[in-house]
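So that you can tell them apart, the chains are marked A, B, C, D and E in the order they are listed, and the count of residues begins at 1 in each.
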Amino acid sequence: MITFEGVTKRYPDGTVAVDDLSLQAPTGAITVFVGPSGCGKTTSLRMINRMIDATSGRILLDDQDVRAIDPPTLRRGIGYVIQQAGLFPHRKIVDNVATVPYLLGWDKKKARARAMELLELVGLDSKLAGRYPFQLSGGQQQRVGVARALAADPPVLLMDEPFSAVDPIVRASLQEELLHLQSELHKTIVFVTHDIDEAIKLGDAVAVLRVGGRLAQMADPATLLSEPADDFVREFLGKDRGIRRLSFVPATGIRLGSVPADLELDEDTRPLGWRSDGGLLPYGTFNPERDSLRAALDAALLSPNGTAIAVDGDGRAIGVATRDVLDEALARHGTRPEKRVPDPDREVPASDPRRAES
Amino acid sequence: MITFEGVTKRYPDGTVAVDDLSLQAPTGAITVFVGPSGCGKTTSLRMINRMIDATSGRILLDDQDVRAIDPPTLRRGIGYVIQQAGLFPHRKIVDNVATVPYLLGWDKKKARARAMELLELVGLDSKLAGRYPFQLSGGQQQRVGVARALAADPPVLLMDEPFSAVDPIVRASLQEELLHLQSELHKTIVFVTHDIDEAIKLGDAVAVLRVGGRLAQMADPATLLSEPADDFVREFLGKDRGIRRLSFVPATGIRLGSVPADLELDEDTRPLGWRSDGGLLPYGTFNPERDSLRAALDAALLSPNGTAIAVDGDGRAIGVATRDVLDEALARHGTRPEKRVPDPDREVPASDPRRAES
Amino acid sequence: GGSDPLTSATPSNAPASSGGTSAKVVVGSFNFPESILLGSIYAQALQAKGVTVEEKPNIGTREVVYDQVKSGGLTVVPEYIGSLLAFVDKTSTAKTKDEIVAGLQAKLPAELGVLDPSEAQDNNSLTVTKDTAAKDKLTTIEDLAKVSKNFVVGGPPEFKERQEQNFKDVYGMEFKEWKPTGDTTADAIKSGTIQVGNVFTTDPKIVLNDLVSLQDTKNAFGSDNVTPLVYKAGVDDTVTSTLNAVSAKLTTDTLLSLMKQISVDKADPPVVAKDWLTQNGLL
Amino acid sequence: MNDEPLVRWDWIARNWDNGGPSAIRTLLESHVVMALLPVVFGLLIALPLGVACARWRRLYQPTAGLMNVVYSLPSLVLFSIFLSFTGLTQSTVIIPLTLFTLAILIPAVVDGLGSVPEHVRQSAVAMGFRPLRRLLQVELPVAVPVVLGGLRVATVSSISLVSVGALIGQGGLGNLFIDGWQRQFPTPIVVGIVLIVLFAILSDGLLVLAQRLLTPWSRARRSAA
Amino acid sequence: MNWLIDFFGTAANWSGSDGIPVRILEHLEFSAAAFLIAALIAVPLGLLIGHTGRGGFIVVVTANAARALPTLGLLVLVVLLIGVGTVLPVLIPLVVLAVPPILVNTYEGVRGVDADLRDAAYGMGLRGRQVLFRVLTPSALPLILLGLRLSAIQVVSTASVAAFVGLGGLGRFIIDGLATKTYSDVIGGAVLIALLALAVQLGFTVLDRVVVSPGVRQVR
């Protein structure tokens, strides 16, 4: 648990970057700081590992004031990932990852073994270990950055816009990777971004900051979407709040009807299309075990008759949700999505995204 | 009209960047090339203004083979905008914009007057004219880049990921700006991006390329979303295809009911919330004149009772769309959204986005 | 000038003890080939007698070298008695060899001494081209003094300072301009940049370039016999007797022929020195 | 001017190693010492000074100004000034050349440290490096390409400048220039120039090699830049 | 200080054909001539090679080797080969000295211009030559000027070797002062040379202000 107690940062030039900030980042959860440029996200983050010292107020790491800890020692226990990865250009990937273990005086072999393990964990081929950073793509470098931050198994991870320099496709995969990692590691993560979609996708709790470094709202993403505290937050959340918060409602609750006759199936009962005069019409599918209500709605909208086809993990049709059933589900959960709570004890299989994110 | 006729580009090292590409970019429309990294978008674009020469095949600009035109002359008639703006650091903004007019031998006063006009057109304060590029933010530089490309009023504009270096918020505003400009200028634009959302937002026609430089599908965005040609395109389009294509259906067609009694209004008949025991509940609104079906659906999902409130331009409630009405509209338009056709003759007022984009 | 930085020199290789054969003898030379040759002759002769020798050839002008000897940084340097006296006693009027040696003994500081002068002389001279000599009918410096106001004179940089007053005193001679031409003096005379130049009488370029040295009828330059200048504390009897034996064999003609080998035939000073020493039984 | 050939090969053969103080080999050896020691000393001094200048920027302006003045002094002047202090020793050449080297190396070290990307520095801090260790293990290694670039220029200049020392009797191969000049004899001059250039190219080549070996991580960047 | 007073305070030092003003003029004469020749050779060559990208490696290697050419050695060799009497023998070594910094900096300057900028320029329809002179050169100007400045300072300081072969210039005070151990002259000459170098430095600072676009200056 990281606690901000009335923290204020005033830079020597008079800029108040963070103003009386009080909040808690729960242990084992991802807390996202989000807000427009210059709202003090980076400053807040860097006060945790004392890259910047607060002007007033306290920051507690599990009840211990960070000010009481010698900064290098404090920092070795906190992973830190930044936008440009900040890899050491002169060290091979494996040694980059082993940096903190070396600092902590691990023996070289052990440190390297640990590094190799981490490279695998973040999904990098072990043959990249002997390369230098310039030989890696931006996305690979970011992965190395994450591995490096994890090397000494710190309980806390600070991430400052770690994915904002890579292209959207790679970015999405890095986000997935992070969620997947977190499902195994249960770190206490503070994540900074200015992208509200990323915040909602990743955050167990989202703190929206406004310029001047004041907290506008802190809530879990679903609550944030349904109940923005004020116009600033509403504006910041942007369009599609209603649709987006369906992402937090699992599709498991939907009452499925039996597969209707006009749905053409192949021999494995995988759907092929809706029969019609002009041939087969397009259809949409969702997996009630894994997907959210949003995916179900999308599937319904892709079918001409508004009926979403439920499929299992192998793509076999297991039932349908008609528009009426869907409407009912939407009415039931639409306005009050279940709160998501971080559940550090639940182990999620690697192949399975932890969330009901569509 | 720009026509690719069996165009192939093989680099000296043997890489085939573009393979037998045939397509047409219609006059007065925005044609977007989209596809994963390395699929030959840039190469295709640059063959149009002969920054790169095709290995075989022809590119026609209004029936004239570009190979028949001296490259510098050709290029002066084609605006070109790139990611990093490529502004000349040693020239003031106004002179940057006036580059091509100067090249064409315009007199200095006229060229500068034209530059000032363009700066205004792209939404830049005229007091920036005397600055140097380093004194501008990334977004402002991109705007200058666009202004510069437009300076000699070329009929054709080539844009290579022009907005990908700026942050998402600025990016969105640049996209709006481009649509707005295009609604006034009706250029023939070829726009390259690897972001499918951007492609769908901006394109009148979208060409999806696959690695190896082959065309996977070319269609207007709505068709693309409803009828992806194959798995590659479907994969590339990503999730929410059903919801996203609602963006292309205007909300005008929805039958509105009268404002129900349990909706609390202020004295100006602006909605305040749904009455309930626990106080006012959240609500969602849409503007049937301007918004799409997607916005209406979103509004419905924000209301506890699934009813979307229709408001006018001033935010006054003018009716409601109940879930049933909405379902009906969705059923009617859901699967076959109207095709969007570029309509160069229709003048759209500046304050009004041209599209039914939610 | 102001305070003199060279006097504060504290050379690292000053002899540790005064006298004694165990000490290393440092043989230096001026920055012209003849001096380098003489230095090499001294050094090899001493080496043959088992003296430990270090050579530092080609150091610089007398102004620089003198102080190094005085402070013990150099032990032996081939000198020219007339020029040396003029250097230590600007007012001296001594002209003959004996006068000069007497003058030196009186004026040299206690730590320095000269050994027996050799017969070999290498006088400074004023030299002109054959054409100039013919045109103005010049054979002596006296002849030159009559026309010298029209002439530009050149020589090593130190030439003006040393000789300007001397010429006035002895010949009443003044020049139109003094140009420091250094090692290019002979070429400068030939190319006409200067009309008169200060060239050593043993310089082979005089012959090579068809130049004429004017006779120093009034002995303005004085006798310039070659002799070793020594740092007294650094030399013992072996050194002294060896060098005196060398000087006894050196003549002006010897010097001229040796210098011709070096400058014209491009033979190397150490080799020339060695050959000569061998021929004269000094090795 | 006359029939003197540009190079008399037999002279070279005779004088390569004639045992005397003016043997080409001896001169070459002293040239190497007088050229390379300043570079070594210069590097040893420039590293701490450069680090200090990079750390306290206001120190840099005056230091750089002073170095500019030193650099604009003719080397002969510095040599002769030091002649009065260090006499006819190699130090008279080595000390001034060390100063010249500093004029090149201090900016190189400052620029080198400046070339360390801020995000690399920051992530070192964030990982818990203490300042000295950060300097030694991160900042200086990353600065190596730029510092080596300066070192190359310094080495080559130093090798070339030693020859001026011949004017005060300590010039290594430069003595060949004076010798050849006084005897109107091109051979020693040519030999001196050729040996100096060869020595410089060799040293430069070794430095390039060192750079390759020390900084495999910047090879691509260099060829791309 | 005494030396400076001796040197600058002696009226005789200020007049005549070997007075300070004449020496300064002579010094400037060969420095300027050598510098201009070097600039005329190196700037166009650097621009061309930087622009076409051909032969860049050779240039950098040769330039570094050329830095190693000892000025004194070249000077005496040239004098031996072509004789004294003109300034030519001094110009050759000085030009050799002055070319490498200009060439390398010009080349690096042009080559270092952002590839996107080049791209944008061609994309707008500038022809090769226009790209070079209107875009690359102005952008590379700070580096080109840096090369010119370094070179000019080296030339001014090294031009003193002219005195060694009997030519004039401020080197006379140094060489003659050394020969006659007149330290005031040596120091005086050195101070004058340092002042000239300082003036060159200042001149280039001013030039930089005037010719380099503020847009480019700030980027660096």
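One rule holds in what follows: contacts are C-beta pairs under 8 Å (C-beta built on N, C-alpha and C of every residue); 3 or more make two chains touch, one makes a residue touch a chain.
Computed from a prediction, not measured in an experiment: that's the story for all the values here.
The set of chains in contact with subunit A as well as subunit B is empty.
By count of C-beta pairs in contact, D-E exceeds the other of the chain pairs D-E and A-D. Comparing the centres of all chains, each the average of its CA atoms, the largest separation from subunit A belongs to C. Centres computed as Cα averages put subunit A at a distance of 91 Å from subunit C. With centres taken as mean Cα positions, subunit E sits 59 Å from subunit A. Inter-chain spacing, taken between the CA centroids of subunit B and subunit E, is 55 Å. Among all residues of subunit D, those that touch two or more other chains are 81, 166-168, 178, 181, 184-185. In subunit E, the residues touching two or more other chains are 79, 83, 164, 175, 178.
Those residues of subunit B in touch with two or more other chains do not exist in this structure.
Here the touching chains pair up as A-B, A-D, B-E, C-D, C-E, D-E.
Within the complex formed with subunit C, the subunit D residues making contact are 2, 4, 8, 11, 14-15, 18, 20-22, 81, 83-89, 91, 166-169, 175, 178-179, 181-185, 187.
For subunit E in complex with subunit D, the touching residues are 64-65, 67-74, 76-77, 79-81, 83, 112, 153, 156-158, 160-161, 164, 171, 174-175, 178, 186-187, 189-190, 193-194, 197-198, 201. Residue ranges on subunit D touching subunit A, taken from their complex, read 117, 119-120, 122-130, 133, 138, 141-142, 144, 215-218, 220-221. Touching subunit E in their complex are the following residues of subunit D: 1, 68-69, 71-74, 76-77, 80-81, 152-153, 156-157, 159-161, 163-164, 166-168, 174, 176-178, 180-181, 184-186, 189-190, 192-193, 196-197, 199-201, 204, 225. Residues 36-37, 164, 167-169, 194-195, 226-227, 239-243, 245-246, 281-282, 284, 294-295, 297-306, 323, 327, 330-331, 334-335, 358 of subunit B touch subunit A in their complex.
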